[in-house]
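Each structure below is given as structure tokens.
Both of the next two complexes hold chain A, though its partner changes from chain B to chain C.
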Partner chain A sequence: MTNAIQVLILGVMLGGVYALMASGLTLIFGVMRIVNLAHPIMIIWGAFVAYWLFKLYGIDPLVSMPIAAAFMFLVGIVLYKLVYAREAASAKYSEMTVLLTFAVALVMDGAVSTAFSNTQRVTSPPYATDAFIFGPIFIPTAQLYAGIVSIILVGGLFAFLQFTRTGYAIRATTQNRTAAQLLGVNVAFISLLTFAIGSALAGASGALVSFVFSFFPAKHWEWIAVLMSLVVLGGMGKLVGTIVGAFVLSIIAAFVGTYAGATWSTITFFLALFLILLIRPQGLFGDPIEGT
Partner chain B sequence: MSLNPGASGEVDNVVAARRAYNAGLAATKREDRSWGFVVGFVILLAALPLLQFVGNANYVLHMALYTFMYIAMTSAWNIVGGYTGYISLGHNVFFGIGGYFSGMILAGAGISTLITAPLAGLVAAACGIVVGLITLRVRGPSFIISSIALLMIVRILFDNWDYIGGSNGLSVPVNDLDVRWTKLPYFYAMLVIAILTVIVSYKIKHSKFGLGLRALSQDEVKAESAGIDTFTYKVMAFAISAFFVGMCGAIWGEYLTYIRPNIFLIILVAANMVLMGIIGGKGTVAGPIVGTVLIVAFNEYMVYQFGASALNILGTGIVMLLTLMFFPLGIVGTLAKKRKLPRFLDWD
Partner chain C sequence: MPELLEVHDVVAGYGNGPAILDGTSIKVRGGQIQCIIGPNGAGKSTLLKTICGNLPIRSGEVLLGGERIVGLQPHEILRKGICFVPQERALFPRMSVRENLRMGGYILNDRAELERRIDDVLERFPILRERAHQLASTMSGGQQQMLTMARTMIVRPRIVMLDEPSLGLAPKIVDQVYDIIKLLRDEGITILLIEQNALMGLKNADWGVVLDLGKTLFEGPAKEILADERIQELYLGRRSKAA
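Presenting the complex of A and B:
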């Protein structure tokens, strides 16, 4: 029983991190109907920012998280201007756009693997190997911090979407782009902003990932599938659904990892994806997918 | 317009004339194709091993074989990704399945993959049907994501399956031909597979089946209401595609003399298929061939110039990005639109 509680807590902590990782992805899909396959490599870029800041200047990843987020915010703006702007204008899902993001992912992957090589890295702040111990239960400090920070950030994102005018505009654009435009929302700017925020969220989660998991550039292919399974489970573009999906799946994965071996914990996400596609293709919270 | 007695007769005449005109157009288009050039080129390729009498042409043969393989795989991908409009980013799963199936038989029973390749293709096709029955139920983003997830699942399974060597893979026996001719069986096998794939791709494009696929790629609901059994069509296309990719995998495993998940199940293989298909022209018959030749040459140049494989990913990505942004129709598609496509490439 204590063991189960232990695993549950670990699952919740990781769920927070996954929720943060996937929230940008689902936000961008909601507003722009773009499945951004380059999102996970953005997380890797964020992780690299945190890694080098830690390695070179000894800055704690939790402190450098805003820097990583700001950096990825800028990268997001540049990418949007260069590549995504023309795709956003059509605002309709298309295969070609997905391929475009796939190409962006390849470019960003190639760039970091050329620059820093494809070796495993991890930032090791002092708390990385610590744990809080409450009787029979222990909580790794790194995961606790990452989980708490993630939950705060996701909560902040919610508050932003729920209570600010810009947040209203983003949600309106998600619901109906044309209607939002008719009501005076600057849809082009909202797209840019959403993309940049999504990228910044990727950067922020990258900083957390850098000490929670070890990372290397090619790892993002696995994350694409993991994060996408969360997004599909929750219903494409539904932020609440994605977050619920993240917690549910990472708790299941934690149990699978404990009782069946760590190798199989990743596979949980993929199998869940297939199951969802079989049983309820639109996801838990989703409307029927366009063009299905 | 008015109800004069001759009207229906006139309409019939017009329809008949129209039909005759269309038939004539189709016929001239068919006769127009310069098959002689294509056949001549294939014979030239088949004669390539003769270079071994002149000097050491092992490199040329290797590159040709590699190109044939990707022509077959890209054409096969094109049946699903181009005609049907379902972009699969994990299509090398079938490459791996084919490679492992035949490779295991070769390692265990010593039967050459040249014999078991069609069987490997069938196994891959069967897997394709099973996978297709699940993933082809959704279109758009969910399908693409599920194709990547499939690749990840198979990768994890193969990495941890000790019977087939796990992530270290296993070696398969080398054939006992003289070093000059050791590549020969695989060269011809790949050539034959490539030709077969292109022929099948051509036949599909010019068949009712292909028309159905193209219809459902445009609008699935309308295609369904026009009486096309879209789901069966999609699954069939997926299986046919998997068949050829599986055969390529079988031959490739024996050619390399070892099979590892790291050879078959990396995303770069899938990315190559997609890129070659797109740069040549998605949904055209000749596109995958043009795209493959270009990208193989480009990759070779990159490796020759810079050596590193990470740069190769970067280069692949940049070329793909530029193509998608500026020539989304690909080379063959763009030329065909401008009516400047050379006749020997006009197979659509």
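Presenting the complex of A and C:
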């Protein structure tokens, strides 16, 4: 029983991190119908920003997180202007972005692999090896901090979307682009802003990832499937669904990892992706898929 | 004295394609429900999209209260007082009724004023007030159309343009929708609407315009158009046989 509570807590903490990692992906898909396969490599870029700031200047990744987010915000703006904006009018936009973002992922992967090589890295702030111990329950400090910060950030994103004027515009654009435009929303600007915010979320989660997991450029290929499984489980583009999906799958993966062995834990995500697409392709919170 | 809205010799079309509107002119008188009828492909929807700035104009003039509005962005035209409701459902399905109304006033900067106006509108539509926190997608088609109409009132526009407001609704609901349209008119909002179902549109309108191949063929009081034998044969008869 104690063991189960321990596993549950670890699953929840990791779920928070996964929710943050996937939130930018689902936001970008929701507003722009871009399936951003480059999202995980953007997380790696964020991780590198935090890694080097720690290595060179000793800045704690929790402190450098806003810097990583701001850096990726700018990268997002440049990418959107250079790559995505010019195809926005195409009828096959969604399909095209799969290839486009794949190419972007390759380029971004190649850039950091060449610059920093593909060795495993991890940021090691003082708390990286600490743990909180409550009687028989043991929680690694790094995962606890990363989980709490992620949950706060996702909560902040949620409040931003729910209560601010810009948040209304983003949600409206997600749900009915034409109507949003007719009511005075500048949808081109909202698309750019959303892409930049999604990229900033990738940067922020990268800073956390840098001390929770070890990372290297090619690791993003593994994350694409993991993050896609969360987004698909929740219903493509539904933020609440993605968050629920992240917690559900992380908790299941934590239990599978503990009781069936760590190698089986990753399979949870792939198996989930497979089963959702077979049984309920629209995901938990998605609208029924029409024949369009 | 210029009319409220005047369209002079407008030429417009999609992309590099042929001109759908090729020298179209209409005048919209203030305080009325004006209905444009005409066969499929007559350019009715194109005309509305051109007026609200969603489709660029190739040449010609659009004047609102004598002021030129050609070349303005759609949101600037909305600020000038022209509100367009497209044919397809124009709501945000996963937003509540109140949130939809809030989006209706997106261009307003004063949030307190926006909330006051929302309360005013909800006062007028008790069904919407009861359902203020319900998601738009969970309401019936008629209620959704009611919300769409009510939403236009938030910005207090001078003109509301409606593209086939009765499309896909049951006859009883259509009557309710036209009651709301008349309510908007009685509030002092001018209505410019287009209807595939010409009989339905003219019956509820004050003024009618017959548009075909991008040209105004005829215009006059809706009752006179309904009574005109030539128009009955060309534009109303064909429709009533099909229906």
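Everything below uses one rule, namely that the second predicted complex is superposed on the first by the 281 of 292 C-alpha atoms of A that agree within 3 Å, B and C clash if a C-alpha of one lies under 4 Å from a C-alpha of the other, contacts with A are read in each partner's own complex, and residues count from 1 in each chain.
Note that in this section a contact is a pair of C-beta atoms (placed from the backbone, for glycine too) under 8 Å apart; a residue touches a chain by one contact, two chains touch by 3 or more.
Note that this is a predicted model, so its numbers are computed, not measured.
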When chain B and chain C are modelled together on chain A, clash or fit: fit
Touched partner set for A:M96, first chain B, second chain C, both or neither: first
Partner chain(s) touched by A:L271 [first = chain B, second = chain C, both, neither]: first
Which of chain B and chain C A:G110 touches, first, second, both or neither: first
Superposed model, angle subtended at chain A by chain C and chain B (C-alpha, nearest 10 degrees): 90
Touched partner set for A:R165, first chain B, second chain C, both or neither: second
Contacts of A:A22 with chain B and chain C, given as first, second, both or neither: neither
Comparison of chain B and chain C by chain A residues contacted: B
Which superposed partner A:N186 touches (first chain B, second chain C, both, neither): second
Contacts of A:Q175 with chain B and chain C, given as first, second, both or neither: second
Smallest distance from any CA atom of chain C to any CA atom of chain B, in Å, after fitting: 18
Common ground on chain A, meaning residues reached by chain C in one complex and by chain B in the other: none
Contacting residues of chain A [partner chain C, same complex]: 165, 168-169, 171-172, 175-176, 178-186, 287
Residue numbers on chain C that touch chain A, as the complex places them: 52, 54, 74-75, 78-79, 84-86, 88-95, 99, 102-104, 106-107
Chain A-facing residues of chain B, complex: 85, 87, 89, 134-135, 137-142, 144-146, 148-153, 156-157, 159-160, 220, 267, 271, 274, 278, 308, 310-318, 320-321, 324-325, 328
Touching residues on chain A, where the partner in the complex is chain B: 29, 35, 83, 86, 93, 95-96, 98-100, 102-111, 113-114, 117-118, 217, 221-222, 224-225, 228-229, 231-232, 236, 263-264, 266-267, 269-271, 273-274, 277-278, 281, 289-292
